[in-house]
Every structure is written in structure tokens, then in C-alpha cells.
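Shared chain: chain A. Partners: chain B in the first complex, chain C in the second.
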Partner chain A sequence: MLANKRMLALGTGAVAVAMTVTACSSGAVQSGSGSTGAAGGAVTLKVATVNNGQMKDMEKLKTEYESANPGVTVNFQVMEEGDLRAAVTADVASGAGQYDIVTIGAYETPQWGANGWLVDLTPELQSDASYDVNDLLPPVRDVNTFDNKLFAVPFYGESSILMYNKEVLDKAGVTISQTPTWQEVAAAAKKVNTADMAGICMRGKPGWGDLFAPLTTVVQTFGGNWYDSSWKATVNTPEWKEAVTFYKTMLDESGEKDPVSYSFNECLTALKEGKAAMWADASVAASMLEAADSPVKGKMGYAHMPVDKTKESGWLWSWNLAIPTSTKQKDAAVKFVKWATSKEYIKLVGTKIGWSNVPPGSRTSTYELPEYKDAAKAYAPITLDVMSSVNPKQPGVNPQPWVGIQYVSIPEFQDVGNQCAQLVADYLANRGTIDDALGKCQTIAQTAGDKHKK
Partner chain B sequence: MTTTTTQPIELEDVRAATATDKRRVQKKELWRNRGLLLPAVVFLILLTQIPFLTTIGFSLTKWNLLYPNDRAFAGFDNYTSALTSGDLWPSIRATVLITAFSVTLAVLFGLLFAVLLDRQFRGRALARTLMITPFLIMPAAASLIWKYSMFDTNIGMINWVFRSLHLPVVAWSTEHPMATVVIVLTWQFTPFMMLILLAGLQGQDKGILEAAQVDGAGTWRTFTWITLPHLRMYIEIGVLLGSVIILQVFDPIAILTKGTGGTKTLAYLLYERAFIGLDVGQAAAYGVVTVVLTIIVATIALKSVFKVFMAGGSR
Partner chain C sequence: MNSRNDTTSSTRSTRSARGALTTLVTWILVLIFFFPVFWMVLNGFKPESLASSVDPTFIFKPVTEGYQLAMDRGMAGYLQNSLTAAVIATIISVTLAIPAAYALSIRRVKNVENSLSFFISTRFMPLAAIVLPLFMIFKTIGLLDNIYMLGIVYGAMNLPVTVWMMRSFFLEVPYEIIEAARVDGAGMFREIVRIVLPLVLPGVAAAALISFIFAWNEYFLALLLTSSAARTTPPFLGSFVDGRGQFLAVLSAAATIAALPVILAGWAAQKQLVRGLSMGAIK
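Let's look at the complex of A and B:
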């Protein structure tokens, strides 16, 4: 009897085992049967994409492409960013060939290109004069280039800018220049900070893409960086300490009260509801603050991302279309990618969906379209200005061994950024000291950096 | 022996013969029963043990999804790094603390509400349905509701009350991450405990309560001396089931605290290793370690459940 009970207990334990195990292995062992297009003229292209507004618009417009190219069917798989990253990485890494076109971030492109997972698009694009590859914004082209080969084409791109409520700042007699410094912004935030309205809203939610997106740019403009040119981690430096302390002091004095809960969406709400006066974040936020239903429409002012020791400190991010080498329909895939990132496509979105919905930050010519200039006059000029002046090859004071601004394009960075963000969050919440947080983060970053030392 | 047999022997023989026959029949029936169960057992083994063995296999390999070409046998390296990285023990501590606090508070509140709802009053059915709702809401949705409409410093109700009383605004997720998670879990699991305890209360013999009243015992003494001992079994089951569910908690941590301030439970740690670290080998090793710990807890816990079922009648 006792033995039976034990068996039962163990059996139940084993069920628990299986639950945990399937949970943790499901992301890894997606074999994917892979759908290849039928022989002959009929071609089915499978596109994996992220659930952003601009991507969903592309799905709506795919019928235009299908009717212009008889025999081609385009199937979209729209996923949330995290799911997309896991699904596409597993598929491409294992060479399963489930997707013909994948949507990837600027963080992935150089790494995947180096792994030989992506088709080099340079010859196809350069040979086509009507595509005009040089019209793609140079910094965005840079972050998607590895070894002089363009492995992905930008679908839309963004930088970061400072957004402020003009009404509130005017009332307090504060003016912000077009190219402010962080000290200037911190002082202004302190001045307009009241019990009801935070002076400034900044991301504090722990995560490499949350807290560390703006914080990395602050560190870089204060003269610090994650690694030096020989992949030695440089986190426990005075520059880092100064930057992170500055960030915390600004949050303590005039930031939102619960930083750990705040990231992009929370700050957007706070700005719209008049609960924060300023915000430094992704430039795409401007189009949301100026949307027809926004209470602060027309009341906002925009400036370059604040700086300290560098000239610019805006970040650079883009969502791009790329073709995995495992595809069996390369030519059809290239044709679709070219269509979706062409000048004509941008005009198509403008006429069919609306000019404010045009994918921004990919092509210089977009900013010359009169209709777009009119629809996005509040933020288009500054977005273009910032996006073409940031330098992803050396955003900080010192040279760095990778191309990119608010991230380090090594596979370990997600993990490093995440763990460090949690340590910094403990410091922001007064649970730990800055030296302790940066010291631990230095060790984590160095372990990752060691793998890339030449 | 063969020709002359005495009656007792004959009787014994007869008895012996029937006994063997019966045993044979029983055996046959047993095998048929087992045969009927076999498909389910095979299915269960396929579904549970093969992934488990695969995971053990993964845990012994060096495999980061982003380094596809660098895949090799790693021996126990992943286990060594899991046990020495210093992430495991804080995580076990967080899991135990969160589970202990949430279950205790949920049982206390559950008991209170169960006692209240056991009384007769108008609209009792409606009140019961409303009380159960928190348990029916998806954990992720519950965490989001709490994050925005309760804890938020600008629009949250808790801070609205604080502001109205001229108390300082509390930044829940930043300043009190553990309390934040425990509050959400308590809110979610109080109805669960309440349901179990209510069933216990309704199964109580009203005659005994009347007898106690006749003997002059007050409400408090009746409750502590008669009702609580009767409920003990139900409380034990509630604590056991609640702990098993809360041990795997993930949603409130992912949504509210992101594992900061001592709230990184084993489930969240595993998620981080697998989906942010993208390190399949190390995540599998953490998974196996978690499972070993869970088996230990489950074995102890299940034993106590059987004790409850068996000794239940004598209490």
C-alpha cells in the first residue's frame, strides 16, 4: 500500500516534470514542416511579421500585390514581438525554411548576416535603378549592413526625441532649445514638476528594450559605453556611475513616481492625460501624441534627444524585411521585399490608408512627399533631421566594435541588458547601491564580452 | 488419500479448489482492467516522459539558439552554472515566500468570507457568484487590472484613496514588489479557498452546533472548538492545492515587477533563461533542477493529502 502511494506520488511528480519541460522546450524544438510553393506558376510566400500598425497595413495591402502579380499568394503570420523573435530565431537557426520573408529588428540583422542565415540583398537592389537603394536613410542602411552587404531592408525606422507639453512649459516660463542638454532638461523638469504632474517621464521597467533603450543613450552621451573597442566591459566606470546617478536623481526629483511600472505605453498615457510634462522616447510616439483623438494634439513641442558630451544622442531602431537562406523561392521573395519597401508602396499606403500611417524613417524621399509633409508637419522634419544625423558606428565618445546605438549587437546582449536592468532597478528603488549594481553588471557584461574578444 | 477421504479433508479440498479458481478469475480480470488502461498509460508516458528525457538531453548540451554551429556535449556544465550562478537560491526563496504569504492570506480571507456566506441572507446566491469572480479571471488579465486600475500612481484606486486621506502616494511595484505580487495573488486565490471552506461549512452537522448552543457555548467557542477542527481537513486540502498552483506563478511577476526586489520565482527565472538568454542547454538544466525540487515537494505534499483522506473520518 505504501509502495503504491509512493508510486502515485512519483507519477504525479512526473506529470509536473512534463508540464515544466514542455513549457521550456516548446520554443526550442519547433521543427516546422515548411510549406513550399507548388511547382509551376503558383507561388505562396509566407511572411512572418510583428504586430505593429505599419505591418498590419502591409497585410491589408497585399491584395494589391497579388492582383499585380498573378499566381502569387502572400500569407502573413502576425506575431507579438517576443513571439516573433522566438519563432523566427528557431526557424531560421534550424534551417527549417518555414518562412520565405521574415521581419527582424536592427539588433538581429548583423548577427544573422554573420551566421549566414540571410540572403545578401545588395546585388538585387543595386542593379535595380528604379528601387533607388541610396534613397534608404544612410544610418538605417548602416545598421542593417554587415561586411558591406545589405542583409535586410528597412520597412520602418525610428529614433528618439524629446517631447514636451508646450502649454505647461510656457506657463512655468521654461523654454527648451532645439538641441538641449540633459542638465537643461533636468532643470526644466524640476521646475514644472508638481504633485499632480511629473516633470518628466522616463522608462524604468526592467528589460533590455525597456529601461536600457533610453538609459544606454544617456550613458553613451555621458561618455560611457558597454564595451571598449577590444570587447572589454566598461560598466564599472565613472561615466556609467555619473549617467545612472543622473538618471535616478532626475527620476527622484521630477520623474513619475513608480518607475518600475513605466515603459513606452505607460509614459504615452501619462503624457496624453497631462500627468507628465516631458518625455524622451521613440520618435514614433510623436505620431500618437498628434493623433486625432489625443488630448494634447497640437500642444506638443519636439526637440532632439538631450545630450551631454556628444552632439547627438538619439537612438536608431528599424524593423526590416529579410529573406532567410533556407527559402526555396528566393526570386519571388526578393520581388515582394522590393515592392514592400519601394517608393510606390509608401505612396500606396498614403492614398489607400492615410498619409499619417505611412511607414516613417525608411526613405529620404518619404519626407519630400507634399501630402506626408502636411499630415506629419509637427514631427516629420525633426524625425528626419535626427535620423539622418545619428551615427550608429560611433554613438558615444569612444569607438565601439559594433554598429548600433541603444543595443550591442551580440547574442548575449538581451540577457546582459535584462540582468543589468534588474540590478539598476534595485538601485532606482533604493534597495541597493550604484556601485553594487554596476559592479555585478560589469561581471555579467564581461562574461559575454569575453566570447567576442579576438 | 484417493479412495477414502474423511469429510474435513474433502471440505478442505473443496475450499482450496474454489480459492484457486477465484484467484485465477481475479487475475484475469486484473489483466483485462490493465489492458483497458494501457492506451491511456502509453499515451501518458509518451506525452510526459519523452519530453522529459529530451530535456535531460538538452540540459547536457551546450546550445545557445543564437550560436547554431556551436553545439556540443557539455556534460554537467549547465548544472554547475545553474547551481553556482547565484540565481537559484534567491529564486527558491522568492517562490517559497510568495507562495507562503499568498496561501496564508488567502486561507484567512477565504475563511472569513466562507463564514459570512454560510449565513442566510437575501441575495446570497448573487453574493457568492460575485465573490467567486476573481478566481475566474485569467491571471494575466487580473495582473493588468491591478497594475492600471489599482496600483497606478496616477489613476489607480488605491492611490486615489491615499490621496483623499492626505497620505503619501505609494509606488507599489517599485517600493514594495513582494507585497504587490502577494496582494494580487491573495485577491485571486481567496475565492478558491472560500469555495473549499464553504463546502466544509455546509457539510457540518447543524445538530452538533445546536447541541453546543444548548450546552451554553458562545459563538467564538463554538467556532474555535467545533467548526475549526471540522474544517481542518478542508483547510489542508486548500493549502495543498493552492500551494501547487501558486508555486508556478508567472503572470503577476512578468506584468508587475519583472522579477525585481526578490520576486523572481523559479517559473520566471526559467522563462528568462529560455526566452531572453535563448540558452536552451542552461534553461533545460534549470528546468530539471526545478522539477527535482517540485518532485520532493509534491511527494511530501501528496503523502499528507493521503493522510487527510484516510484519517479524515476519525477526526
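Let's look at the complex of A and C:
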């Protein structure tokens, strides 16, 4: 036994030394596809991306680009959303130049563009007729534009929609209109709610991108917003109180148990496993509910995000490719970005990976492709309809001094949103009161708003 | 007589009941601590839909899809980087900690207590406060995304803990042995290498393993100071977290692979570790 342990220790040590010795000059990770990637190309593009299905498909298809462009190697570094924000912000803000292409959200684009951190892509894209920049969905173009300059191009876009299990609702004799109101949805949820199945699943997990993504749209359609047009915080208002109370009452009466531990993935699982009948969330969820291995495939119905005082209430989010000004390979980076966001790339994904895997919400022409229309017939029309209808310049009842729906495009918003989400989550979990939550959140939001008053 | 027998037998049964209770509590604690590891290993062999299911499943047809996916994404390269950084960190911290601990215990320097407080005070500052200065320094000298530099940083970070651990082991060495060695004419170097180190070897092994584990598991600095070539396993594991899709099976599989080297190293050095970790406690 002791001899075995010694042998094992010796073996482990030998492997450790061998692996250490064989490590290359600055590290062993050569590319996203393993440690054997090519390192001798004339140009090596480093791409920082977020971990989602569409980005991982791009990583798989990069070989197509590399073979069409000899001498170019594309190295992907896939990261979790929070990690991506931390790593890319440090790199781009300091001009370290570790990445040639970065994936950023619609929240970052106008701020980073204003800071002079990103290359203005407008001239390159407009001068290339084959790229057809006008084919990019207008609202998505708007959120990525600052000072009439397009600083990032959408690779993937989404809005929010209402998804419901038709079988369950039919059994209960409940119908949902294509443009429902929140009151209609709350009543339907109450009718289909049972001990085994929640009437509706909604996000409650604290976080600016979790709870506050759907809740901000609810607040906006109830007439509230984070700030008025002169950056005065408007959180402690009757509109906010009505919206947040409505959200909690709906969850208490017919939502999932313990909503503060639910976000996108938890609700997706609940819908798939028949533990919830309805769900209002990102439109991309529809493709997962309609996937071949989904138990609810073909049983789902889709409608616009419910409203109260506004005509639309869907959010708008896009993951975009941008080029930091610190890159030393701007031309090669622009060429790759154009390829990855082109009409041809969308067709390439369709033919090589599958039509239901095509990146949605970036180009109008995607929704005209017969193969995609067929593969995504259950949800493509409504996604295009909602994404074309939402207004990121004024999603609520009153004008706002920023472009964006479920977030405020100021650097402080992540912190404001996270702190307020914690307060509201406490209220949802009966650990605090609505007045206390909104009162404290008003102060937090005002401190941030004061920095932007002119 | 009978009454004495009764008392002895009652004491024995009380002791045996206490022993059984202690064993039971120990087992419960072991199970509580071990369950998350067991669950991670189990989830690694589940299909994604089952791993994310609301209802926990214990019996299922195992699949290796998660392991395949993790390896297909080039996990070997990240493991190699982690190993390089951890080995460098361990060599640095142990090599420097031995003379430092010797000077703080056996051949005491003046104001030793102040030095000790200084050593440990370097760990007081949160990592978030030092990461940006480090980032800017490495950017300026062009050593961002360099695995050797990351190993050196980890070595420096682990040094205070290693010094403290080793000092407590060195204090256990009977002074008579050192005196005898000196009388026999042993110099300082010979004293450390031939007399002190063989006596505290289990302690050195424990400190080395702790240093290795700290470096192997470090996340925050690896995320910010590396971008591609030098990225290590912890941020790679984080990259499986997907805000728009299920990921628990593949993450569990990757985490199981990442935990294996540390478990193997700990198992191989088990005997030394137990002796080493209990050394400093015996006064």
C-alpha cells in the first residue's frame, strides 16, 4: 500500500514536472479548441466572448473563416457574463490591448463609445454595400449607437415575450390574447395555479440583470421609470409602488415558491418540467422550449410581453461585437466582425449547425429565410414583431434621458440595480416592506442620478 | 462488590454510548461535508436536462457527454497552466519560507513579533484592492497573460501563510538536538538541511500542499491578469456558466476533472499531511 502511494506520488510528481516543462513560453492554452491550435499565423485575433449557444457556435465555425483567410488565426476566450464584464472592462479601460475583438452588451456600447474606448465602425460598414448595415434591426442599431456612430454590431438580439403552455391553459378554459395586459395574465395565472404547477414563473433573484430585467419593464408599463428627463430619481412614486406590489401579489397568488431563487434558467426548467404554466422572459427561451429534446415542444403558445399603460413592454438586449481602440490589428478585426455579423454567416450557421441555431434578433433578413421561417415558425414571427416594435428611446410613458429599456445606460446602474434588487427581493420574500425598499432605493438611485445632472 | 460491578458496568455502557454518539455525529458531519462533492461527481454523469431538474435524481443511466464537452473545449491546456502556476508558486513559497521560518523560530532575529505581524498583514488587504495596481504594473512591463508571472504572484501571495505554518513546525524541534549539532560543528546551512528539515518534513509537505491548493484554486487574479494563453482552470470552469441555458452537467464534469489532481496529491501525501497538520498543534 505504502509502495503504491510512493509510486503514485512519484508518478504525480513526474507528470507535474513534465507538464510544467512542456508549457509554452507564456501559457499552454493555444485556442478555444484546445492546446494544439495553430500559433504560427501571421495574424492572431483574440476574441473575448460570453458563454451562450450562439457564441459557442461561432467558435466552432471559426475554422471556416480561417481557411478562407490563410494566415489568420482566431483565438476565442469564452467567459461567464460577470467575468467577461470584469476582464474586458479592465482591459479596454486601461488600453492593455489583450483582446482585438470584445463581446459587449447593449448596456456598455454607448458608454464605452462615449469614453473613446471603441473603434467607430460606421464608415467601414456603410461603405460596404454587401454588408447591408440597414438590414440590422433598427432598435438594436439604436442601442448600439452613440452620437450617430455605430460602435458595436449585434451578433445576437432578444426581446421579452410571454410564453404559456397551451395544453394547460386550454384544459382550464383560459385564453391569452396576442397582446395581453398584465391584469389578464395575472387572472389567467390564478386560474391555472395548482399545488403542483405554478400559474406563472417570474424572475425574483436579486441582480440588475436578473430580477430587474422583467421588473423594470413592468414598472415602465405601469407608468414609472428610474429617472425623469432631468435625472431626478423617480423610484419612490405611486407608479413604482403599484407595479412592484402587483408583481409580488401575482407571485404570492400564483407564482413559483421561493421566487427570489429564480432567474432565467430556473424558470426554463420549471416550464419544461411542467412545474409552471406561463413565463414572461427573454424571447430566446422559445427556441429552448421548442428544442427537439424539450418535453413541451409544440405545446407552447407565445404572445407579446403583457402591458398596462404602454403599447409594448418587451425589453431589448443584444450581445455585440466591438473593437477596442487599443487593438493593433484593426483591419483584420473589422474584417472578422463583418464576417461574423453578415448575412452569409447566418446562412453558414443554418447549413452547418442547424437552422434553429441561427443567431436571432440581429438582422431583418434572417426572418425572411425560408429555412429559418420553417425551423422557427413557432416563435420567429413574434420575436421579429416585438423586436421591431419596442422603443428603446422611450419605453415608458414619459421621456427618458438615455437609450435603453430594462437598464439605464450609466456606469453606476449596475450598482444601483443590484442594491435595489436586493431590497425588492427582501420585500418579495416578506423580509421587508415596499415603502422601506422603495425609499432606500430612491436615495441610492438619486446619488447616481446627481452625477449626470447638467 | 455487586454495587461496584454495577457502577463499573454502568460507566462502561455510558462510555460506549458516548463513543457511539461521537461516531454517529462524525459520520453525519462527514456525509454533510462530502455530499456536495458526491453530488458534483453524480451530476457530471447526468444528461443536462436531468442535472438541472427540480427533482433530484440518484438513479439514472450515466453518460459521459459532460466530460467529452469539457475536454473538447481544451481543458487540458487550462489544467497545464494551473499546474505550472501552482508548481512555481509552491517552489517559491516553500524555498523562501524555510529560511524565513528558521530565522523566526530557531535563530531568532530581533523584534521577531513585529516581523511576524508584518508577514501576515500583507494578507489583510482584499485582493480587489491590489488587482488593479498589479494589472497596471504587468501591463507596463508587458507581462500580462504570462503563466510564469502568475506563478510568481501566487508564490508571493502564499508566502506569509507558508512562513507562519513552517514557523510553528520549526518551534517543535527540540533545542537540545540543534545544540548538539552546533557542538559537533554544524554550520547554519548544514543545521537547516541535515538536522531541522528532516525533523519537520511532514510540516513542509503540509505547507507545500496548502500552497499548491491555494494556487490551483485561485480565480480572481487569474481572471484579470490572463486573457488567453495563460488562463488557468478556475476561470475556465466559470466559463461554463450560461445565463441562457442549462450547464450544470458539463460544469460538474469539468469541476470533477479539476478537483482530481488535488485529491490525488492529498491522498498520496496523506500520512505526511496528518503528521504535518497536527505538528504545530502539539505544544
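Points worth noting:
Criterion: the second predicted complex is superposed on the first by the 413 of 454 C-alpha atoms of A that agree within 3 Å, B and C clash if a C-alpha of one lies under 4 Å from a C-alpha of the other, contacts with A are read in each partner's own complex, and residues count from 1 in each chain.
The rule is short, and it goes like this: a contact is a pair of C-beta atoms (placed from the backbone, for glycine too) under 8 Å apart; a residue touches a chain by one contact, two chains touch by 3 or more.
On a predicted model such as this, the values are computed, not experimentally measured, just so you know.
With both structures placed on the common chain, the touch criterion links A:288 to chain C but leaves chain B unconnected. Legend: residue contacts after superposition of the two complexes on their common chain; A:94 is shown touching both chain B and chain C. In the superposition on chain A, contact of A:206 is made with chain B only, not with chain C. In the superposed pair of complexes, A:273 makes contact with chain B and with chain C alike.
Legend: residue contacts after superposition of the two complexes on their common chain; A:122 is shown touching neither chain B nor chain C. Residue contacts after overlaying the shared chain place A:357 against neither chain B nor chain C. In the superposition on chain A, A:261 makes contact with chain B only, while chain C stays out of contact range. Once the two complexes are laid over each other on the shared chain, residue contacts for A:46 go to chain C alone; chain B is not touched.
By the touch criterion defined above, A:81 lies against chain C but remains apart from chain B after alignment on the C-alpha atoms of chain A.
Residues common to the contacts of chain A with chain B and with chain C across the two structures: 5, 8-9, 12, 16-17, 20, 22-24, 27-29, 86, 90, 94, 270, 273, 275.
Within the complex formed with chain B, the residues of chain A that make contact are 5-6, 8-10, 12-18, 20-25, 27-29, 82, 86, 89-90, 93-94, 111, 115, 204-208, 256-261, 270, 273, 275, 411, 414-415, 418, 422, 425-426, 428-429, 431. In the complex of the two chains, the chain B residues touching chain A come out as 44, 47-49, 51-52, 54-55, 58, 64-69, 147, 151-155, 169, 171-175, 177, 256-261, 264, 270, 272, 274-280, 283-284, 286-287, 290-291, 294-295, 298-299, 302-303, 306. The part of chain C that touches chain A in the complex is made up of residues 49, 52-55, 72-74, 76-81, 83-84, 87-88, 132, 135-136, 139, 144-148, 223-224, 226-231, 235, 238-247, 261, 264-265, 267-271.
By the touch criterion stated above, chain A contacts chain C in their complex at residues 5, 8-9, 12, 16-17, 19-20, 22-24, 26-35, 37, 46, 48, 51-53, 75, 77-81, 83, 86-87, 90-91, 94, 96, 98-99, 209, 263-265, 268-270, 272-273, 275, 282, 284-285, 288, 293.
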